[in-house]
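Data block below; observations after.
Chain IDs A, B, C and D follow the sequence of writing; residue 1 opens each chain.
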Amino acid sequence: MAVTEADGSADAETATASVVGASGFAGGELLRLLAGHPNVEVAQATSREYANKTVGSVHPNLRGLDLRFSEPSDLESVDVLFAAAPHGVAMDHIDAWQDAADTVVDLSADFRLDTEPQYDEWYDGHTAPEYLDDAVYALPEISRDDLAGAELIAGGGCNATATILGLLPLQTAGVLDGADVVVDVKVGSSEGGASGGKASSHAERSGVVRPYAPTGHRHEAEIEQELGLSVSFTAHAVDMVRGASATCHVFPDSPVSKGDLWSAYRETYGDEPFVETVAGGSGVYRYPEPKAVAGTNNAEVGFELDPGNERVVTFSAIDNVMKGSAGQAVHAANLALGFAETAGLQQLGMHPVGSP
Amino acid sequence: MAVTEADGSADAETATASVVGASGFAGGELLRLLAGHPNVEVAQATSREYANKTVGSVHPNLRGLDLRFSEPSDLESVDVLFAAAPHGVAMDHIDAWQDAADTVVDLSADFRLDTEPQYDEWYDGHTAPEYLDDAVYALPEISRDDLAGAELIAGGGCNATATILGLLPLQTAGVLDGADVVVDVKVGSSEGGASGGKASSHAERSGVVRPYAPTGHRHEAEIEQELGLSVSFTAHAVDMVRGASATCHVFPDSPVSKGDLWSAYRETYGDEPFVETVAGGSGVYRYPEPKAVAGTNNAEVGFELDPGNERVVTFSAIDNVMKGSAGQAVHAANLALGFAETAGLQQLGMHPVGSP
Amino acid sequence: MAVTEADGSADAETATASVVGASGFAGGELLRLLAGHPNVEVAQATSREYANKTVGSVHPNLRGLDLRFSEPSDLESVDVLFAAAPHGVAMDHIDAWQDAADTVVDLSADFRLDTEPQYDEWYDGHTAPEYLDDAVYALPEISRDDLAGAELIAGGGCNATATILGLLPLQTAGVLDGADVVVDVKVGSSEGGASGGKASSHAERSGVVRPYAPTGHRHEAEIEQELGLSVSFTAHAVDMVRGASATCHVFPDSPVSKGDLWSAYRETYGDEPFVETVAGGSGVYRYPEPKAVAGTNNAEVGFELDPGNERVVTFSAIDNVMKGSAGQAVHAANLALGFAETAGLQQLGMHPVGSP
Amino acid sequence: MAVTEADGSADAETATASVVGASGFAGGELLRLLAGHPNVEVAQATSREYANKTVGSVHPNLRGLDLRFSEPSDLESVDVLFAAAPHGVAMDHIDAWQDAADTVVDLSADFRLDTEPQYDEWYDGHTAPEYLDDAVYALPEISRDDLAGAELIAGGGCNATATILGLLPLQTAGVLDGADVVVDVKVGSSEGGASGGKASSHAERSGVVRPYAPTGHRHEAEIEQELGLSVSFTAHAVDMVRGASATCHVFPDSPVSKGDLWSAYRETYGDEPFVETVAGGSGVYRYPEPKAVAGTNNAEVGFELDPGNERVVTFSAIDNVMKGSAGQAVHAANLALGFAETAGLQQLGMHPVGSP
């Protein structure tokens, strides 16, 4: 496969893809996206637990697909390999994956940080640190230029993605220089993955507003790396399945106006295909709302100014399984492989929608 | 527009469309579907209440669309007009709509029944009964042949659609001849429409298992008309926004085997693009499940045999806003206009998904 | 302890109680009820898994209680022992429990059926069948007289309880003689217990309308035993945590009037402290609703007449953890021990309440 | 009625009570609490809209009560009048209410602030400012001494209550002196009241993480008044019906230790009957959780220390209809009337419970 000037039209060449760890939530979402991708053909979906079963037996939305899980040990040679395994798996298999594919997009935390000391500060001992420096952070709004032709791409964390997208315009506009930033995140249960457990049982997890990792959340490391500032971060589990919402309370060093904020967001996101600024206005949905972007690769960002406290409040909302994981990965892969940036990612959200 | 042998490919001609009543849930869903339809261009979306506002101000999933509501009194001439107004509106405007469009697809109950006496039995006084006989019931699994070139199409009721799809194979196979049938339906809150009200407030409507119209539900009329049998019908509101699930308890006159049932469902739905039979198997999703088809035009149907009571239990699940309304309408319009049957309707569901 | 004519007043004597299996949902509910019971003092709450931890570490609503789990092997001598262990445990420990306590109330299925052949038909091999005949079914609306002084009480199944309460007036009035009955039950996730598992994870369980055991549900056995008729039973999981709702579609042999139905329900439940008849009327809550009785020992029952199909539809709603389990057990124990019937069970429900 | 040393025992005298605005959520909750209160007898429950209907026709949990709404214009003379009318009503009726009752407990915002200038800053024009100075803020943890014998009591706002309870120990310990404080609140739909509206319809309100009044929330005024510090406050609607959760991010001027925090919380709440400190530990519920206190007058408070950012994070959780409204009112009335402080308020929460 060698697509240099593809535009997503029908005559673009087609890439073959493997999805490793395809029985999890992010893996299933990759299969959903690639099934509708005009330039990608899924060659393989691996799952140790469900090998030889149909993908529809795990992901009911894919019952119509004629595809079965295969053993992860038996990798085919493909153009692009998407890995959706638990943290710590990718670092042990990255050599094999690089052999099997021109481009590897890893959705775990293994290659998100740039250096081994950073990694060691937040996680435990990396077994393939030599890849850290070259891996490109998957968020195109930050790393678009580096993604073209990238061989190893590291998908961002969902909470980090939501936070970074909300703050990026302020950073670009210099508003964050010397600012204090508090980040309060609300996330859905899909963030915990498909494996279950008592705390995530329906009876215990329904209706919660549950602080988790109230301090020291690992996604702080990514936020600090990508935005160059330290934030005070706390996450809460709330009653939804898909979705991450980040509210950032920013105290700038010098005053900003609402016009400054609009300019900053327009400048940063005016040409971005997957980011919409929503700030005030009328109707029911005046600010970013996770359920409005459920099932899509869109992020909504917005802001409000609190003159009384000289505070800027930013809001951002994503579908953690999409923009926060599988959608971001496909977006990055499109850029790496030279496809149209939005190929396979033009799903619209739903209205009404309950608690997706 | 004159498409005679369209196949959905890029060179098919394009139809212009109006959506009347576009600020409601079904109207918004039509806009979502038509925005991604390869052969349809939306010329107009009407709303008296929101005229001149962007469609995204009401439907947050459509914020990216450059389209504003227009006054319903000011209809453009189009190829196809979709009407998503409350019951009783269509009968008063059908003359004007027929003037404005070659094909009218009405999603209300106004033209679902074939005769004025039927209508009068279940509703109040029809003002345009002369259209009843010619209107084609929109459900392609029942009326595919009649839909080609139809000028007036009546979208089926969501509960009726779910019930009919679950029972149709049994009717075709003769299992319903002389059978007693109890239908127990569970539906989401979107069925009540966008207008709100105390009973549908979040605080009152959350977590309910609320019998409504426990007897005498109007959709019985459609079921009786389309399947030729009377059923004992009861509907319950449950805690979801999108979705309708029908469980039919069927007591046949003579015994049937599981093999008979599989044959019946395969024969009826083997070639249907939007109906999947799900009956038993392994994993979490062994029977039809509304959330697995949320956002899609798919119906899932299934069955179980209860030897102890000589009972067949059928299950069917749809998204009431899609297969039960807007999706069914687009499907019917595709057939009426000669487009590929699945054009604009190939959305896959999501997994996981909460309570869509 | 020897209370013969207690009336629940302050001078009644006090019984000591053990709760075996106190870390599960029903066990925790027993602790909640007994903590507020004027005549019972909890001597012991056992849990193998959580021995020596506070009960509040598992049941957050009991954080204020000064009570720790003890090992189940180390039973104290008490007046009444409540057992809330999984099915199959009670039959292996019933001898020891009878030694330790004057009265044993077992909430599992082990002693619900009257004979070994019945048990063997629906479950697997009983190890203490000699107790089956003497065990009293806990539902006071059926077995009040037998409960006084009972030494072994078998708590009814939650789905069976809801169904029996809905149908009991019809049985008493003779309406069920020769009638066909379809029972369609909707239940919450707490019915699955505290142990979790993939199918009951929040991401998979949220928003479902999931048929489970669509035929052959074991609670049919209890319904048949207590009401003397065979029913066609299907249960669905829906999105709530607490609650069971049974809709029974009854086809009587001869016609009944609405007046007949009101008479039947009044006669059966007019003096019952925990059953309310709710049938039609105005407002949002016109029929029995699980969320209206959440946290209480109340059952709501109601009905509607469908003249078109000569059908009676009955509705009943309970909190499965209360009237369907722990509340029923305490109610039965009150009668067995001679306490005021409603002692410890006078909690009112909440309004509004979401999805308890 | 003249109870001077009541202790809640059976021989305490009984006060008569009116509930004005009894068809709303807080009014219904007052009826629930007073129905179980050993020292209060409800003489009257007013509702203009539902006059002459039973209270159970609006509040399904109260179907068992023999009580009908009366016209609000026809007030009886009582010992205590609870007013649960919308904001702005109390100030117009306070003279009449004071005439009718020895003690008035108003749950609206009308008398929460101490001075007319404060009121004018956050609301619009007070019509009875002469009462502002004498009204006692209802939160006993702050104003216990002033509540004894109080004639006018102003119930606190639910978000303010949650915030104040979380921060109070830090204020008392001096940690808030010079500190920056960000308050991020999550609330349920019952906070919007019983009147409904499009934004609070189930279809639109389900599954939201919706910023509302992201800046300039009126409850800031109460927080500032009671704690003497200005906070940066933002509230979000999330998917629950009952519950308010406040996460406060506090940046003290000088470092504090975890031991300091434990001491502060113990000192403030060690003897409080309705506040529990929950901070870390094991199990599923390690921090304050609204659903654990649903239906109760309990508040849970907790904290965590973030050494990296020199930040203290506090968490607090209440049932907004109880501790945040009706429960707080009854608690205050108990103190004002000389009853046992916990009379009528000893409900335990439920486990499991979904999204109450």
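In this text, a contact is a pair of C-beta atoms (placed from the backbone, for glycine too) under 8 Å apart; a residue touches a chain by one contact, two chains touch by 3 or more.
What you see is a predicted model; the values in this text were computed from it and never measured.
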Considering only mean CA positions as chain centres, point out the chain farthest from subunit C. A
Could you tell me which pair, B-D or A-B, is linked by more C-beta pairs in contact? A-B
Need the CA-centroid distance for the pair subunit A / subunit B, whole Å please. 34
Between subunit B and subunit D, what is the gap in Å from one C-alpha centre to the other? 46
Multi-chain contact residues (two or more partners), subunit A: 25, 188-190, 194, 198, 203, 206-207, 240-241, 284-285, 289, 352-356
Which residues of subunit B touch subunit C once you look at their complex with the stated criterion? 180, 182, 184, 186, 198-199, 203-204, 206-211, 214-216, 220, 230-232, 234, 236, 238-240, 243, 245, 247, 249, 251, 284-291, 304-306, 308-309, 311, 313, 315, 317, 352-356
In their shared complex, at which residues does subunit B touch subunit D? 25, 188-190, 192, 194-198, 200-203, 205-207, 241, 354-355
Contacting residues of subunit A [partner subunit B, same complex]: 10, 25, 28-29, 32, 35-36, 53, 57-64, 188-190, 194, 240-242, 276, 278, 281-285, 289, 292-296, 298, 300, 321, 346-356
